[in-house]
Structure formats: structure tokens, C-alpha cells
Amino acid sequence: MSRLRVTVWNEYLHEVENDLVHAVYPDGIHAEVASAVTERVDAQVTTATLREPENGLPQDVLDATDVLFWWGHKAHAEVADEVVERVHKAVMGGMGLVVLHSAHVSKVFKRVLGTTGWLRWREADEKERLWNLQPSHPLLEGVPEQFELEQEEMYGERFDIPEPDELLLISWFQGGEVFRSLCTWRRGHGRVVYFRPGHEAYPTYRNPHVRRILANAATYAARRVTVEIGRPIQVEALEPVPNPSKEHVG
Amino acid sequence: MSRLRVTVWNEYLHEVENDLVHAVYPDGIHAEVASAVTERVDAQVTTATLREPENGLPQDVLDATDVLFWWGHKAHAEVADEVVERVHKAVMGGMGLVVLHSAHVSKVFKRVLGTTGWLRWREADEKERLWNLQPSHPLLEGVPEQFELEQEEMYGERFDIPEPDELLLISWFQGGEVFRSLCTWRRGHGRVVYFRPGHEAYPTYRNPHVRRILANAATYAARRVTVEIGRPIQVEALEPVPNPSKEHVG
Amino acid sequence: MSRLRVTVWNEYLHEVENDLVHAVYPDGIHAEVASAVTERVDAQVTTATLREPENGLPQDVLDATDVLFWWGHKAHAEVADEVVERVHKAVMGGMGLVVLHSAHVSKVFKRVLGTTGWLRWREADEKERLWNLQPSHPLLEGVPEQFELEQEEMYGERFDIPEPDELLLISWFQGGEVFRSLCTWRRGHGRVVYFRPGHEAYPTYRNPHVRRILANAATYAARRVTVEIGRPIQVEALEPVPNPSKEHVG
Amino acid sequence: MSRLRVTVWNEYLHEVENDLVHAVYPDGIHAEVASAVTERVDAQVTTATLREPENGLPQDVLDATDVLFWWGHKAHAEVADEVVERVHKAVMGGMGLVVLHSAHVSKVFKRVLGTTGWLRWREADEKERLWNLQPSHPLLEGVPEQFELEQEEMYGERFDIPEPDELLLISWFQGGEVFRSLCTWRRGHGRVVYFRPGHEAYPTYRNPHVRRILANAATYAARRVTVEIGRPIQVEALEPVPNPSKEHVG
């Protein structure tokens, strides 16, 4: 197999507009996510951000991407609809998509899953503990039975998503909520992953378990085929049929 | 429970534009589907068609609908995007949606599921046989182990849909293909059903087994709650947290 | 439909051997569960206990049961293997099975699902809060977004079960764990439900939300068909085949 | 990762008792399956058969197995119950299990899934065509959109299995039936695969697509962890609880 091609997309606004966030992620969340992948996976990792032309995702970038990571929060509306359609089509055709944290209401996530991404939230510097439901799953390779994040934003159920194909982590929050924090779905020919933690004001993406999961996601969701899904196609019969040359009625 | 409110939506173009289709469904496919429901279910059934104002689906109609049936084929593009969004929101909020036959590439189906609905197709007057995978499922109450449709359009795999929550019928086609013909998914607070048969040129909606499934679908997918899903909401902690009055960072 | 026939099976040892448990459930857990069903559902409810002949479940009792509730804890081994096989066969044939609390390692539950039911546990008078993932599901009709049980035994993940067909409640525990507390699976022609709460030392089965779910489970899991699943059957072809009268080889 | 360890188990009776089957598989079905794996996968493959001591599967063999293939037909009852329990425990602990063809009613398959494996069958030298639902799935790497087997035994729905975690191939049969022919389930820490084709009287295991799937299954289902699942364990609280040293009640 040729070398894995990863693109990490980030809104990249908090880090330049807010001193506290800048102190946590001086090079941007995308740089931190990229480094988590490269420290474990032999991949060619590039980054893209919102305010670049075409939101950093022209067609040729997607064509050369096996997995796309997506972090966004306050400017979901700024992502152009044609970019959203382009990403959707790429996923249908085989590209992996790893949706992070507040991108649960990004246009891309909602477009691919069809649901609203609704949830409850709170920022209170509280503890999150993530429980491992499938230690044998490739996404959780090297991840212990549970791990803690001392301070995170809370996301609570009901999380409005389709029933996941695989539910891999459930979070416990100090303030009393629970959350499905690591989920996968197959959509079209692509694999979609949602991974909850990662508020911009906490150094979550430097946690070793979180980094491990990011690296695992890069290989797990990687493109395995490239298919152009166009319009439904008319086909010849493989066995005898009564009226093989019938004209289309309607 | 109050009386079930069903709306049957139909494109209603083939039946007025094509003599052959008109002969099969003189009052429109919507009338035939509606009669299949009313002959078994105590429901208030109304119909709506594409070329009515707002495509026949103004907000008050959806607000008064527990299950929406949807048949469309050649004019998917004519359905207004705001109507599609309205239907999507209604499903998220609890309305049932029963998608029929060629609506596998309707805007509504693609919006709710997020996939392309791609498949193979052929018109050749061929035989379809539908195999019952779950005789104990409410959607298949009264339906035998298998039943045949002497002539139908063929739809063949790979059908580009999310893995169904429930796979209930698989079709065998004379020409050599197979198809997942009755599937369900929960999306938001609503139940979505896809049911394959129903080409406009064959009297499929007069088949007693098909009619039975239509009636079963009305009760199975019926709205059970009405919820307005808006933006994610900020909530107070239910248990002590370190920083309950923290200001939002970001 | 004829009247629903419910059988509530209980080990019925703690209540007669332990004063504290006796004080909580003087008539036995089975009586409390039965009353939760009858207060909402028009059903004919009978009870059966471990130390009755054939563990209270001779064939004619199962033949006349639409849903079987099962509570056991300390004497799983006392349930006769032939009774376990009988219950398994009844579920395959269409009987519903509602497995409660510590029956997660009952012979019946393990036989039907094939997994071990492994989990973590602790008794510490701690709080459990159950989060509602699907308010529109029949099992959760009338159940709020979350509800609390002031004192319960803790069960924590990883719960060794097959991926549920439907995951409906997730529990938060004061001591730091989470748990998939309301799950369903279809097995054979029967519907299986697991519902976590119900330690013998707490009055959990008098909680109104718990009682509501028990009543909902009776109707949701109820038998819809009665099928005898025997050996695979040899069938004639429905379409022409090359060698219709071929003798079995092997 | 160390080298993959594969064990191919075969009943190995037809091949020695029946001339026709002997002519097709002179070295036994196990040898053919083993060769399909080794021609693509760098694995250490051993075989085991029914009439060896402990049915060829003493504990140390399972302890040294990452994936177990299983072919059986006429002598399921000869497999010792303790061997079945041993295999079940190995799967729970992380070993992969690939169940082939007529092993749909093997003790091992029924023990792991909990269902009956019921289906319809017929031997008539008829054609089977297998449709690929997920070309991007690792099990179907290199497998085309569909492929044909000129002569096979027919297996028809309803196949009595739990809803698969993944449904990957559906078969069309000349005689009019359909079948879910490639399915996966996670059970315990192990991955279970069922793959339909493989009647003893046809050279199916020499078909290149079938061989490809066998090889893919070896890597896909391979053990990723080794866990001893014993009795549920009592754990200390991770957060303060009201009564941490409470004695067990009941």
C-alpha cells in the first residue's frame, strides 16, 4: 500500500483570537492533531484551514486525501456549501472522515449523517472519564480500560446521531452526564469516526491516550477504494428476462 | 391515542402525462397508497402532490402529519429545498417517513440519510420475489415467508444506504440481481422506512402483500413524540463541578 | 389481539433468607414486577419461582407465555439445563424475554445471547442516573430525559454483550462508571430486553419510571408469532434448476 | 506484530467416505482452505480434524491460534461439548472464528451466536451469484461487484442468525432464493465471520474470489487482544460514594 495521506482541517480562529487558547495551542489545533498522527503512523500529513481559498479544500486536495480530520466550532457557517458537497462526495467515494469535538454541528458532519448533532453542553473545568467498550477494536489499540481528562467541556446525551455502527467509548462526566464519545459509521464507501474530546481551552490533544486514538483513527478510517458514485445506472440482465429491450416507461 | 394522521405525497406526473401509467393508476399513485392504508388502519389520510403550492407541504400540513409517505421519480429536482428542509426537520422532531420505490434518490431521502441512494436498475417486465427475514416484525405482520410480483422494475445492489437498523425483506430478481427492499432507520425522533416495489407502469400497489406492508408502515412509523430540536443547549451541572459559573471560552 | 400473557420468574431466595431484603420486598420481587405490569397493561400475569417443580417453568407454562421476565442472582446454577433449553427454544419461537439486573449472568441470558455478561460491580449505596437516548421508542414512552435512583448497586462497563440492536438508556454512577442499562436484541422470532436496575436491597421496583419501563417492556417484547424452529428444511426450487431431483451428496 | 497463527478445523469425513467428494478434495477441505490462506497471507497455518484426540483442539492449540476456521456437516454431534466450551471461551477472549458453509448448524456457531442457524437448502447443481455490498470492507478487498459459482448447494432465507454487525455479501440463487452469505459479528473480544459457499461436492474452495475472501478473513478476524473473561469483578469506586465499605447484601 502506498503511504497514507492525511489532511487535518481546522477552523483556526480561537487560537489566533483568544490569548488563552493561543497559549494552549500556539501553532493551532491542526498542528497538534497532525503531530499525534505522525508520531505513530507513517503518513504524509498536511493541514488546511477555514480562511484559506476554498476553505483550504480545493478538489485536488481531497483527491489526494485518504483521511480528513475536521475540527470546527464558532464558524461552521463560513464553510462554503460547495466545499461541504465536495467533502460529502469524497466520503461517499471512499475518503475517511474523522470528526472532532465541536464539529458535531459542523455542516460536514450533518451532511454526511443527516442528523442534527444536538446535545447538552457545559464548560465548568470538570473531569471526564472515558470507558473502553471494545479493547479489541483497532481504534482502541493501546488504550486502557478507562482514562481520565482532568478538565474538559461537558457534552451530554441525548446526542442526536444515527445509531452508530460501532460504539467504542462512553464518557462519564463529573457533573452527572454521559456521552457516546467514540463512534463509527460507514457511509458510501467511506468510514466516518466521531471522537468527542478536544475543547480549545484545554490541552486535551496532548493527552497520550487521545493522541493514540487520533493515530489509530488515521489508519482505521483510511480510504481503501476510490469510487465515483454518480447517477444510478441502467444494466443488462445477467439471466434471461421477458422483455430485455423494453423501453423505459414513465 | 388520537387518530393517526397520514399524508401521502406523490409527484403525480406520470399518471397525467403517460397513457399507460394513467391506465394503471387513473386516480394517481397517491390515491392507491392512501386506500391501502385506510382499508386496514383507522387513520385520517390526506394527499399532497408536487405542483401544489409549496409542493403541497406547507408547515401546517407537516405539523398535522404523523407519517408521511413519499413517491417521486422524474421531478425530484422540482421539490423546493425549503420543503426538503421542512420535511427533514419534521422527521427529526418525530414524524415518520415512508419512502417508496424511485424516491431512493429523492432529495428528502438523501437529506435524511446522508447517502446517495445509488443502485442498478432495469425495466424488463421481470419477476421479483421478496423474502421475509423477520416474520415477527410489526412491518411484516400478515406477510408470508415470500411473495412474488410478476412484473416489476429491477433494482439491484449495491444500494448506497447506511446499514439499516432493521433489514426486513430481500428481493430476488429474475435477471440475476438481489436488493434490500424493506429497511428501517431511526433518525432524530422519527422512524424512516424504505420499501422498494412500486414502479408506475405496473399495478404493484394493488398487490395484497404490498398493501399490507403499506398499512403496517403507517402504524409502525407513526410519530410517538413531537420534539423541537434546535441548537445544542447549555445546561447546569446535576452534581458539583469545579467551576460552575465559568464563562464560555473560545 | 387476545390478552397479553406475562410470566414473571424470580429466584425468590433473598426475600425469604435475608431480613433486609424481606423488608423491602415482603411478597417477593416477582410480585412487585407483576404489579408494575398490571397497573398499566391489560395482561394476565402469573409468577414462577426457582424452587417450584421444573423451576416453575414446565412446557405448558412457556407455551402460554407471551413475555417472560427473569430475575435471578445467587442461584443461577440451580436452574436446570433442560429448563434453560426450553426457554431458549421458546424465545427462538417468538416469546419475549425481559432480563432484569443480576440475571446478566443467568444461564438463560448467556444461552440466548452467547456472551458472558461480564461487568464490574459494587454495592455502596450510590446514586445512579439513567439517560434517555430514544424518547420516541415504545420502551421509553412516558419516561423523562433522565431519572435518578438515589441508591443502587453499581454495574460498570465493559459489559460483555453483543452490540445491542437498540441502545436506549445509559447509566451514570456516582462512583465514576457508566453502563448500557436498557438494550434490546431480536433473537430467533423473539425480542430480548435487558434492563439493569433492581438490586434486591433497594426499593427500585417501586420507582415510577422503573415501573413504567417494566410495563412498556411487557407490550414491546410480546410475542407476535409462534413458530417451531426445527431442523433446516430441504425445499423444492421455485424456478427451473439444472438438476431438480439430484440426490443429496456427502 | 508477530506472525499470524491460523488453525483450520475440518470434520474430514466426506472426503474419506465418499468417492465423489474425495475426487474434489483429495487432501481434505482443510488442506484447500489452508492453501487459500497461505497463498496470500504470511501466516503459520495448521489443521485439525474431528477424529483426532480432543477433536484436534486441545487447549494449547487454541491458546496458539489467532483465527480458527471451521468446516463441519454431518457429524456436528460428535464434537465434544467441552471442546465447544473451549472454543467459545477462546472467542470471548479474542480469538477470531470463521464459520464455513454447513457449519451454520455446528455446535460452535450456535453456542457463540445463541441462535439456531435455521435455513432452507437444496442440492440441484444450480448457479449462485454473490453481490458485493461493501467493496471498501477489508473482507472484500480485491473482490469484484459480483461473482458467480456455476454449481453450488442452495441456502435460502430466512437464515436464523442475529442481525449481523456487518452484512457484506448477498447471494442470488437460480432456483429463486436469496441468502446473507458473508456476515460478521463481534462477540466478547473476538470477531466472528460466516461465509456461505463451500459444499463438499463442488470445487468451490478453488474459486479465486472465494479463496481471496478466505485469505482476507484470516487477517480481518485475527486476534488483537488476549483477555481472560472470568466472573464479574467487584471494584473500588473511582469517585467518592456514600458507603464505600458496605458489605454485600443478599
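All chains are identified by letter, namely A, B, C and D, in their written order; residue positions are counted from 1 within each chain.
Keep in mind that, in the parts below, a contact is a pair of C-beta atoms (placed from the backbone, for glycine too) under 8 Å apart; a residue touches a chain by one contact, two chains touch by 3 or more.
As the structure is a computational prediction, the values presented were derived from the model and not from experiment.
Asks: Hey, what chains does subunit A share as contacts with subunit C?
Replies: Intersection of subunit A and subunit C contact lists gives B, D.
Asks: How many hops, at fewest, get you from subunit A to subunit D via touching chains?
Replies: Minimum number of steps from subunit A to subunit D: 1.
Asks: Report same or different for the subunit C and subunit D interface, where same means the shared residue numbers exceed half of all residue numbers found there.
Replies: Looking at both copies, the contact residues mostly coincide.
Asks: State the chain with the largest centre-to-centre distance from subunit A, centres being mean CA positions.
Replies: Greatest centre separation from subunit A goes to chain C.
Asks: Between subunit B and subunit D, what is the gap in Å from one C-alpha centre to the other?
Replies: From the centre of subunit B to the centre of subunit D is 36 Å.
Asks: When the centre of a chain is set as the mean of its C-alpha atoms, what distance in Å lies between subunit A and subunit B?
Replies: Averaging C-alpha atoms per chain gives centres 29 Å apart.
Asks: Whole-Å distance, subunit B centre to subunit C centre, using C-alpha means?
Replies: Chain centroid spacing, subunit B to subunit C, equals 32 Å.
Asks: Send over the residues of subunit C in touch with two or more other chains.
Replies: 129, 134-135, 156, 163, 165-166, 174, 176-177, 186, 238-239
Asks: Which of line, ring, star, complete and other names the graph you get from chains that touch?
Replies: Topology of touching chains reads as complete, every chain touching all others.
Asks: Within their complex, state which residues of subunit A touch subunit D.
Replies: 94, 129, 134-138, 141, 165-166, 174, 186, 189-191, 223-225, 227, 238-239
Asks: Which subunit C residues qualify as touching subunit A in the complex?
Replies: 129, 131-135, 145, 156-159, 163, 166-167, 170-173, 176-178, 180
Asks: In the complex of these two chains, what residues of subunit B are touching subunit A?
Replies: 14, 18, 20-21, 73-74, 88, 92, 104-105, 111-126, 151, 154, 156, 160, 162-163, 165, 174-177, 185-188, 199-201, 229-244, 246-250
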